[in-house]
Amino acid sequence: MSPTPLLRVTVWSEFRHEKKNPKVAALYPLGMHRTIADALGQHADLVVRTATLDEPENGLTVEVLEQTDVLVWWGHMAHGEVADEVVARVRARVLEGMGLVVLHSGHYSKIFKSLMGDTCSLTWREATDKERLWVVCPSHPIARGLGPYFELSAEEMYGEPFGIPTPDELIFISWFTGGEVFRSGATWRRGNGKIFYFRPGHETYPTYHNPQVQLVIANGVRWAYSGLRIADSCLNQAALEPLPIDAEAGLRSTEGHR
Amino acid sequence: MSPTPLLRVTVWSEFRHEKKNPKVAALYPLGMHRTIADALGQHADLVVRTATLDEPENGLTVEVLEQTDVLVWWGHMAHGEVADEVVARVRARVLEGMGLVVLHSGHYSKIFKSLMGDTCSLTWREATDKERLWVVCPSHPIARGLGPYFELSAEEMYGEPFGIPTPDELIFISWFTGGEVFRSGATWRRGNGKIFYFRPGHETYPTYHNPQVQLVIANGVRWAYSGLRIADSCLNQAALEPLPIDAEAGLRSTEGHR
Amino acid sequence: MSPTPLLRVTVWSEFRHEKKNPKVAALYPLGMHRTIADALGQHADLVVRTATLDEPENGLTVEVLEQTDVLVWWGHMAHGEVADEVVARVRARVLEGMGLVVLHSGHYSKIFKSLMGDTCSLTWREATDKERLWVVCPSHPIARGLGPYFELSAEEMYGEPFGIPTPDELIFISWFTGGEVFRSGATWRRGNGKIFYFRPGHETYPTYHNPQVQLVIANGVRWAYSGLRIADSCLNQAALEPLPIDAEAGLRSTEGHR
Amino acid sequence: MSPTPLLRVTVWSEFRHEKKNPKVAALYPLGMHRTIADALGQHADLVVRTATLDEPENGLTVEVLEQTDVLVWWGHMAHGEVADEVVARVRARVLEGMGLVVLHSGHYSKIFKSLMGDTCSLTWREATDKERLWVVCPSHPIARGLGPYFELSAEEMYGEPFGIPTPDELIFISWFTGGEVFRSGATWRRGNGKIFYFRPGHETYPTYHNPQVQLVIANGVRWAYSGLRIADSCLNQAALEPLPIDAEAGLRSTEGHR
């Protein structure tokens, strides 16, 4: 067995709330992406870099994406400022095999919506809800190391109905004090890429300092890694078996079923 | 029980091959959409109209879509000519609850790709393949009235891998003479809308005159009908249960799992 | 269009708690099955009968099942007393196309476990929890007529993880006062039969008198109806296309992939 | 990163055809299980043992299963001779987290049918069909190392409809010369266990000597490994949040939805 390859992670964030809201800046002085990246960087198999909206090409140049196995995405107030060509570039890399971990308000990012093909809408409330995330698929690698549930003492509420395609795998369902539930951890495949959506992480709470949240993101990154890069193609394929000789077959009337 | 409502179907087609290729014109003198619409019109519960690319607003005005319960889509050479705002309008209606039946080369239409969020790529060959469509979900209403399989004596080949999200339901798998297989009938939900993709229907073959193909399309139209119109929303929701009083709860450190 | 056929429903129940526990008897003097059947009987398209454990052959003779399109199942304390041959008979009918609606503690019935192939385990608590059922698939016919959620002011709690195969469709998720969540409405196909599991209905609460619960059961019965009866078979099938002549082909070494 | 643990595989087979049919004995002198086990044993991360029907307790004692991470299963003519208590023991281990790879005619084994909850029926033909297995999910680890397809020059035909629950993941679809198709590689989760069904392997063909088949089985074994052992439980759970005090709440009439 060859040694496990190092997995190259890029943590992307808007990095706007931190500059405008002192409460957020107090929680994440260097930005949420930095907190998330530092937590991932504790794992010896992960090589982590960051990228943010206000860098050239939104920080996601061809070179950066070439060197990214899994991309982690946090966006909220500036979804519309991500350039369409950057979204197209990220999308193409996901379809080739790059993993994508979408966090919290990223549910409404251009990239997530374009890969889901759905509304991605939900209900929400900024209040003092406690969130309890129940593990509904205990054997899934994304739940490894967790107990039956874990809690966040204060979070924004997201509620059902969540406008997503039926997940391939549903891993977490959240309970909120105010009375709602939410499918807060779910996975999908698109092309050769694997996508994990994970709900927690409102900017005014210390969610990304939480050890369970950090563990889930690390688990999600490893799960989303495919190691693949398969270009999209729509090939004209030669026949593998002999075809009928009759060139006019196409104009014969079609036959019925038995 | 109230009587079953009449179901309003719009059959949309590019209507280009028929004008350029005499072989296609011979098969479909009034256009493929007309042949499909006439077949659907035989069913007393269906009220059918048509729309085509070169009509104003690509034939899909707000009014037409308002009066459409299920839209049938055939496109091929002119996918790029469908206006983006028309695609957005159709997409919004699907997410509200309008049904969508996508035929054959529509796999690469803007509307199908935007709802799948995937490559929608496949392999293909224009030759004299026989296609045999096997029913893999015999109890599905879309397969009603069919035997274990039905055949088309000549069709274009579409082969796997087909770049689609895992279907909610897989109904047909095709066998081709040249040696390929294809998931040729599959369904998905997006928003409140139901989507059915059905493979057969290359323009140079008399496929839409085939009684089994006509039956599947009628079954698919009825299956895709939801009768719903639910606007997309992302609501701010008031708490249904008492929340903690502590306004600073959000800054308390989060708690661990049991 | 021919008129919608009458749908024949059999509501089966253990009918034991009602005879032993005065609290249950006060709520359901004629048995829970009678309350459920009376509610279903309000619908003109449903023809309803009942059957109970202590009748000959547990009330589910060949004749009864022959005349049943959809079976509703409530069991709890006496799962083990249902005869194995009755379970096998019901199972065979489901696989042929009979619908099955399994209620509450029926999650641990022999019939449900045999069709799921899974543990069907969960966590539970008999207390004064409020249950709020959120609709996560608003376009599903089983949710027709409901708002975004409905509530039961007191119910037994069932919590995740629920040991079921990934549902084909997830329709409800429950929130409980005590802090848990549960996938409380879900569907599967087995053979040609359709199965709906619906959580509420502990015997010491008036749940089956609740109009929303009654509506969901009626919706579920209609959804589970297939109108099909397809016998299970494992057929030896003659080739539809010419096979190679070489009778010894089977012993030739196999070929590689391209 | 700790080194990858050694994965303990048990290859189980009936080992009957080899003793009765000289043609089978010529292909598999020591039994099919031995050929499969030897191929798996080439991988340094796999520790492989075998077990067969005619050993005490069908070779699957408590001790053997305790030491098995993934079980590979081949059975055909003697499904009925596997003891019910052995099947129950294997089933319990799968639900705890043991992986299960079911081969070919194992589709009708007691263990596979009990975990699927479905008919598991199909159509079949023993002839000189060529089988071509197309990869429909190229990014799946079970397809790693394969091209777009691979071929077996002669195999028994299995055809649709295959009476299985909707697979969590569909990996292969087979094309047969005689005109049929089949979902020949699919996965499911049950409890904490992962199950992979792989079609090829009729006893009169040299299928298990084929390098692609051997690769798929090794990939499948690694995919099915969870490393988990979680006992099934149905726990009475204490409330995590305060409950209403009113002990009679259960008898109040239930409330409506908004």
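Note that the chains are named A, B, C and D in the order they appear, and that numbering of residues resets to 1 at the start of each chain.
Just so we're on the same page, a contact is a pair of C-beta atoms (placed from the backbone, for glycine too) under 8 Å apart; a residue touches a chain by one contact, two chains touch by 3 or more.
This is a predicted model, so every value here is computed, not measured.
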Chain pair with the higher count of C-beta pairs in contact (B-D, C-D): C-D
From subunit D, the most remote chain by mean C-alpha position: B
Copies subunit B and subunit C touch via same or different residues, half shared test: same
For subunit C paired with subunit D, centre-to-centre distance based on mean C-alpha positions, whole Å: 27
Cα-centroid distance, subunit B relative to subunit C, in whole angstrom: 30
Between subunit D and subunit B, distance of the C-alpha-averaged centres to the nearest whole Å: 34
Residues of subunit C whose C-beta touches two or more other chains: 132, 137-138, 148, 159, 166, 168-169, 177, 179-180, 189, 191, 240-241
Contact footprint of subunit D on subunit A as seen in their complex: 1, 4, 44-45, 97, 132, 137-139, 168-169, 177, 189, 191-194, 226, 228, 230, 240-241
Touching residues (chain side subunit C, partner subunit D) in the complex: 23, 27, 95, 108, 114-119, 121-125, 127-130, 146-154, 157, 159, 163, 165-166, 168, 177-180, 188-191, 204-207, 209-213, 232-244, 246-247, 249-258
Subunit D contact footprint on subunit B (complex, rising order): 132, 134-138, 148, 159-162, 166, 169-170, 173-176, 179-181, 183
